[in-house]
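Below, each structure is written out as C-alpha cells.
In the two assemblies presented below, chain A is common to both, partnered first by chain B and then by chain C.
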Partner chain A sequence: MTNKDNEPQDSARVRSRRRVNQRLRDAVSKETSGDLKDVEIPPKKLDWMKRTYQWGVKADVTDSGLTIGALNVGIYGEIPDRWDDQSRMPRGAYPMPGVPPIGYSISEKRDLWADNAADLYEEAIQRRWTPATDIPWEAIGPLPDDVEAAVCQLCTMLCQHANTEIETLGTWLHQMSYGYHEVKLFLATEMFDAARHFEVFRKRALSNGGGLGLELKGDVKRMIIESRGGWSETALLLYLLRGLFTFTIYRYGSILANNDAEKAIFEKSVQDKARHLSYGLEHLRYAITRQDDKDLVFNNLLGIGERLVARECKEPIVLEPLAVIFGGGVEGAQSGMRTAQRLMSDYVNLYLSSLRSIGIDRSDSLSNDLKSYLL
Partner chain B sequence: MTISKEELDLAPAVREFGEDNNLDLSWLDTRGEWGVRAEPSKRGLTLGDIQLGSYGEPGDHSDNMTGRPRGARARNDAYRVGGYKIRSKADIWLSNAHVLYEESLQRQWSSATDVPWNTIKPLPDDIERAQCQLATFLTEVEFVAAEVPGRWLAATTPDYFEPRMFLISQVMDESRHLDVFRKRAFANGGGLMQRPNVTTSGTVGSIDLSNDFTEMSSRLHITGEGSVLTIFRMGELMAYNEAEKTIYRLAAQDEARHVAFGVMHLRYLAETEPERKEEIHCYLDEGEGALVAGNQNPASRDTAQSEALAILLGGGEKNFDEGYRKLMAVRKRQAREYVQRVRSAGFGERFENGRANQELLAYTR
Partner chain C sequence: MSVIFPSLNWFEELRNRFNSNQRDNQVGVGTCDALVGVACGEKLFTVQFEAFECTNVMELEDESALENTDFYLELHPNDWKDMIINIKENNGAGLSFTLNTLDLELSDGLAKSWTEDQYRQDLFFRFNQTFQYFFDASADVETVFEEMDIA
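On to the complex of A and B.
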C-alpha cells in the first residue's frame, strides 16, 4: 500500500508488531535463562540433514509471483502415471518406511490429471472476491413481485447447483492421491468458489423483499451424486452436463440482471465457472486420450445423462423463471420464453462443441429432448 | 413445509394466462417465507445479515435429505439423495461460524504474490536444511487439515450450511499452507527433505479415522492445529527474512480461525449436550497423549522437525543447545495455550480433577 493516507496506519501496525515480537523474544529469553537453563538436552541425531532426493533447487519468481507450477523443476516436476504411496508424502520428499496407509482410491494420473490445474489454482486465488463487499447490494431496488419471485426462484436453483458441486467435490477430493497435489489444490479452490456461489445467490434471494423458492426435484443432482464409478465419470456429468448449463445461465447474466448488483454477481460467477470448466474439459480430454474405451463409456453415460437433464429442464421452475425475467414479468413470459429457448440452444451447442474439443462427437446421437432445443 | 398442487393459490388471472400460454407458473405461489429484506451492515451484506425469519438459525434436528437450501419450499417428490450423517445441530454447530467464514473471505491471501519472495537470500547450509525440513513437515501436516474437513462436507445437511461453509474456507486455507511451505522449500536452493514417519497415518485415534465430527474437531482443531498455531505465532523467532515472517504471520491468522472454530463448537456442545462431555474428555485424553509424545507436534522431542526447529531457533547447528532451550519454551507456550483453549471450550475441569496429562501440565509450570 503506497497511499499516503495509509502510511501512518501502516507504521502504527508495524510498530505494534515490533512491540509484540520484542515481548515474545523477551519472554522466551527469560524462560531459557531461568527455568530452562538446566533442561536436559538430548544428543543430536541430525540424520535427516542429508535425507533429500534433490538439493539445490531454486524456483523462479515470475511476474505472477512464485507460482505452484514454477516449483515443478528437477525431480519435483516428475509426475508419475501412477502414485502408489498411500500416505500424504509430498511428491519428491524423502520417504520413511513403515507409515500406515490412509487409503486413497484414485492413484492413476489418467483418472484426475489436467495439465492446467496448477495455473488455474493460482488464477483462482488472484481472482478471489467477496460477496459481502464486492457486490453493490445497495444497487438493488424494488422489482415487480412476479419478477422478484422469478429472480428468487432462479437463485434457489443456482444455490442448489452450487450445493451439488460442493457435495460432489467433498465426496471425491479426499480419495485423490497426494502425488497429484496440483489437482487437489485446484479442486479446493473450486469448492471454495462453489461455497461463494451458494452464498451469493442466497444473499440475493433474501435481500429484496423476496425469499427462497421451490426446491428442484433433483434428477441431475441424483445422477451426479450417485455416480461412483470414477472421478472422470462424475466429472463428465458435473462439468459437461450440469456445469455448462449453469455456465450458460451465468453468461446470460447481462440480460438477466435487473441492476448492477445482479450484473456483478453473474460477471464474477461466470469467471469462476469458466475456470471449473477449463479443468473439467482438460481432464476429460486427458482421460480419453489415455484409455482405449473411455470415449465409449462417456458416450453411454451421456446418453442417459442427456435425458435426465432434459427431464429436469422440463420442470416449470427451471425455464419459466428465466422466461419471466427475460420478459420483464409474467405478461412478457411468452416472449421471454423465446430468449430462454435461445439460452437452451446455446447450452446444447456449447455442450456439443465442448464434447468435440475432447474428442467426442454426439451430433448424431444427441438425445431428442436436448436436440429439440436447438434453434 | 411441503405443498401439494391442490394447495396452490395462484391468482386466477395468472393461472389463466399460464394456461393460455402453455406455462405452469405454479412456482409463483409455491415458495418459502416471503417479504424478506436483509440490509447490508458496515461489513457489507454478511451471512449474519441474512439470518432472518425462517431463514435464521436452524432447528436442533434436520430432516432435509434432499439438499434443499434452508428455508426453500420442500416438495414431496424430491429425491432423498443427501447422504447426510450430520443432521443434529449439536454435532457441528457453533454460534459464530458465519462470522468466521466472512472473516476468512476478507483475509484470503496469495502465496504467489503476498509473500516477498525476493527477500530470501542465501542462508548457511544448516539453516537452509532446517528450514526445508520444517517446510517438508508442514507441507504434509497442513494438508491433513485440508483433507479431513472436506470429508464432512457431503455428510452434513445444508441446513447447517454456516459451519459447512467455514470448513470449506478451511480446506482453502490449508491448501494454501501446503502450497506456501512447498514453495519455501524450493525458493532458496534447497529442496524437500525427510517426510515425517507417522504423523498423518491412518491409525486409531487419529484425525483421519474419526467417525464423529466432534471427535475429529477436538483432535484437528484443538490439539493438532492448536499446537501448529503456537509454532506459527513464534515464527518471528525462527524466520530469517521478511518472506518467512510473512508466511508465518499469514498462516497464523488462518490457523487462529480454525482453532476458534473448534473451541466454539466444543463450547456449543458442552452447553447443549452436557451428557457428551465425558466422551469428549476421552478424545482430549488421547489428544494430550499425542501432544506430549506423538509425532504430530512439530515441537515434540527427538524428531527431525524438532531438531530442525532447535537449529532455527538457536541460529545454527553450533547453537543447538540454546535452540533446544527455546524449543522447550515454545512447548511450554503450546501447553499453556492448549489449557486456555480447553478451559474456554468448557472442559477446564480436567485440569483441576487430575485427569489431564501430567506431563503436559508440567510444561505449563
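On to the complex of A and C.
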C-alpha cells in the first residue's frame, strides 16, 4: 500500500538530491575543462615518500577486528619511558624539523601510562550505547512525588559527578604528549562516556514530570578539578575517591531501579564506570611501582581527600535522596537509610581493597569519618 | 529436550543459544574476552568468551583450575536454581536475580577471584551485560534440576 502522506515528500527529496548532484557535476566539469590551461601545476617531488622509519608493516587482524593494540608492531610498538617530542607527531612518524612546540607538560610514561589503555579504548568503542534510543524510556511511569523528587535529586548529583569528570579530563588531556596515544585515546572515550552519563541522568530527571534538584556545593568536585600536582595525583582523587563512590551508587541504582529504563541506565553506566576505574587503578599501580615516594604522596593526598568526601556525604542531598529511593518514599526513608549506610560501607570497603590492589594500605590510617561508615 | 543443571550439556546448550541469532544478545554490547568460572556445589565449569562469542565451555576436575579464570561465579546450588527459574519466568533475570544484585546481596559476593587479582575480577563489571545475556539465554533452555524439577 502506498503511503500517500510520505510520497510527495520523498519525491521532493529525491528531486532536490538530483539537482545538487547535477550542480556539482557541472562545477567539476567547468573547472577541469575551461580553466585548466591557467592552472600552474608544480613539478612532482615525491621526496616525502621516503620519509618513514619503518615500511612494509602489516598488523594482524584479531577476532575482535583490527585493534589499536595490534598496531604495536616493529618500531610502532616501541613505547619509550620518556617522550620529548613537543609536537603532535604520531609515535613512529618521521619528524618534521622546525615545528613550533606545543608545550606538553606530561612527557614521562610513568605519569600517565597503563598497560590496559589500548584494550580499554577498544572496549569503550565496542560497548558504546545511546541514551536516546538504547534506554526504554517508555517504561518510565508515574512515581510517588517524594520518590520522583529523590530520583531527580540523585540525577542532579550524578550529572555533577559526570561534568566534573569531563572538565577534569579536558584539563589534563591536552597536556599529555602523543608518545602515549593509547592513553590519550582512551581518556577521550572516557570524556565521551562522562558526557553520556551527564546526558542520561539529565534525561531521566526531565522525563517523568520532575525536574532538576539542588546543586551539590561541591568541595570534592573543586578538589579534583583544581588538583594541579600531576595527572597521577588527580587520577587518585578522580578514580579512587570519587569514581568508586559513583560506581557504587550506579550498582545500587541498578538493583533498586523503579522501572526498566532506570535499570538499563544504571546497568550500562556500571560497565562504563568499571572501565574508567580499570584504567585508573592500572595507572596508579604503574605510577607507584616506578617512583619511590609516590605511595607517600598518595597517602598524604588521600588523608585530605577522605575528609572532604566524608564532609560532602554529610550534606543532606547526598544520602537522603538515596534513603527515600531505597525506602520507597519519605515514610520508608528510615529503613532506606540502612540501605544507604550499606552502600557507604560497600564504597569504603571497595576503596580500601582497591588501594591495597595498587600497593597502599590505609586500613589503619583511614579517616575516622569514612571509617564510621564501615558496618 | 530438557537438560540437567548443573552439567556440561547445560552449558553447551546455553552456549549454542547465546551464540545463535535467536536471542538479540550481542547487539550494541560489543566484544568480550574473559574466562569465567562457575561453581555450583562440587561441580565446576569454565565459560570462555572471545570477541563476539562464547567459544568454549568445559567441566573442571579440580578447583585449583579456577586459578586460570579471570573470576568465578559461586552460588549455593539452590540459589543457582532460583536464579534460573526466575530467568525462565521473566524471559531474563528480574531485578532480584541479576548477577549484579546477587553479587551485592551475598555477604561474600558472587564474583570471586581465585588469585585475588582485582583487575581480572573487574571484568565481571566491565562485561556485565554480556554475562547477564549469557545466563538470560537459559530462558530458552528447558532445564531439569538434579532433583528432576522442571523450570
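We adopt the following convention: the second predicted complex is superposed on the first by the 337 of 375 C-alpha atoms of A that agree within 3 Å, B and C clash if a C-alpha of one lies under 4 Å from a C-alpha of the other, contacts with A are read in each partner's own complex, and residues count from 1 in each chain.
Note that in this section a residue touches a chain if its C-beta (ideal position, glycine included) is under 8 Å from a C-beta of that chain, and two chains touch if they have at least 3 such contacts.
Everything quoted here is computed from the prediction, not taken from an experiment.
Asks: After the chain A overlay, clash or fit between chain B and chain C?
Replies: They fit: once the shared chain is superposed, the two partners occupy separate space.
Asks: Should A:164 be classified as contacting the first partner (chain B), the second (chain C), both, or neither?
Replies: first
Asks: According to the stated criteria, A:191 is in contact with first (chain B), second (chain C), both, or neither; which is it?
Replies: A:191: touches chain B, not chain C.
Asks: Does chain B (first) or chain C (second) touch A:138, or do both, or does neither?
Replies: Only chain B; A:138 stays clear of chain C.
Asks: Which partner does A:274 contact after superposing on A: first (chain B), second (chain C), both, neither?
Replies: second
Asks: Contact-wise, after the overlay, does A:369 reach chain B, chain C, both or neither (first, second, both, neither)?
Replies: Neither partner.
Asks: Of the two partners chain B and chain C, which one touches more residues belonging to chain A?
Replies: B
Asks: Looking at A:357 after the superposition, I want to know if it touches chain B, chain C, both of them or none. Which is it: first, second, both, neither?
Replies: second
Asks: Counting only touches as set out at the top, which of chain B and chain C does A:64 meet: first, second, both, neither?
Replies: both
Asks: In the superposed arrangement, does A:126 touch chain B (first), chain C (second), both or neither?
Replies: After superposition on chain A, A:126 lies in contact with both partners, chain B and chain C.
Asks: Could you grab the smallest C-alpha gap between chain B and chain C in the overlay, to the nearest Å?
Replies: Result, nearest C-alpha distance in the overlay: 10 Å.
Asks: Residue overlap on chain A between the chain B contact set and the chain C contact set?
Replies: 64-65, 122, 125-126, 128
Asks: Note which residues of chain A are touching chain B in the complex, please.
Replies: It comes out as residues 21, 24-25, 27-28, 31-32, 36-37, 39, 41-42, 44-49, 51-59, 61, 64-68, 71, 73-74, 76, 87-90, 92-103, 121-122, 125-126, 128, 130-133, 135, 137-138, 146, 149-150, 152-153, 156, 159-160, 163-164, 166-171, 173-174, 178, 181, 184-185, 188-189, 191-192, 194-196, 198-199, 202-203, 206-219, 221-222, 225-226, 316-317, 320-321, 323, 330-331, 333-334, 337.
Asks: Please output the residues of chain A touching chain C within their complex, sorted ascending.
Replies: Chain A residues touching chain C: 62-65, 116, 122-123, 125-129, 134, 247, 251-252, 254-257, 263, 267-268, 270-271, 273-275, 277-278, 281-282, 346, 353-354, 357.
Asks: Which chain B residues qualify as touching chain A in the complex?
Replies: The contact residues of chain B facing chain A are 14, 17-18, 21, 23-28, 30-38, 40, 43-47, 50, 52, 55, 66-69, 71-75, 77-79, 81-83, 102, 105-106, 108, 110-113, 115, 117-118, 126, 129, 132-133, 136, 139-140, 143-144, 146-148, 150-155, 158, 161, 164-165, 168-169, 171-172, 175-176, 178-179, 182-183, 185-198, 200-203, 208, 233-234, 236-237, 301-302, 304, 307-308, 317, 320-322, 324-326, 328-330, 332.
Asks: Help me check something: in the complex, which residues belonging to chain C touch chain A?
Replies: The contact residues of chain C facing chain A are 28-31, 33, 50-52, 95-96, 98, 100-101, 104-105, 118-119, 122, 125-129, 132.
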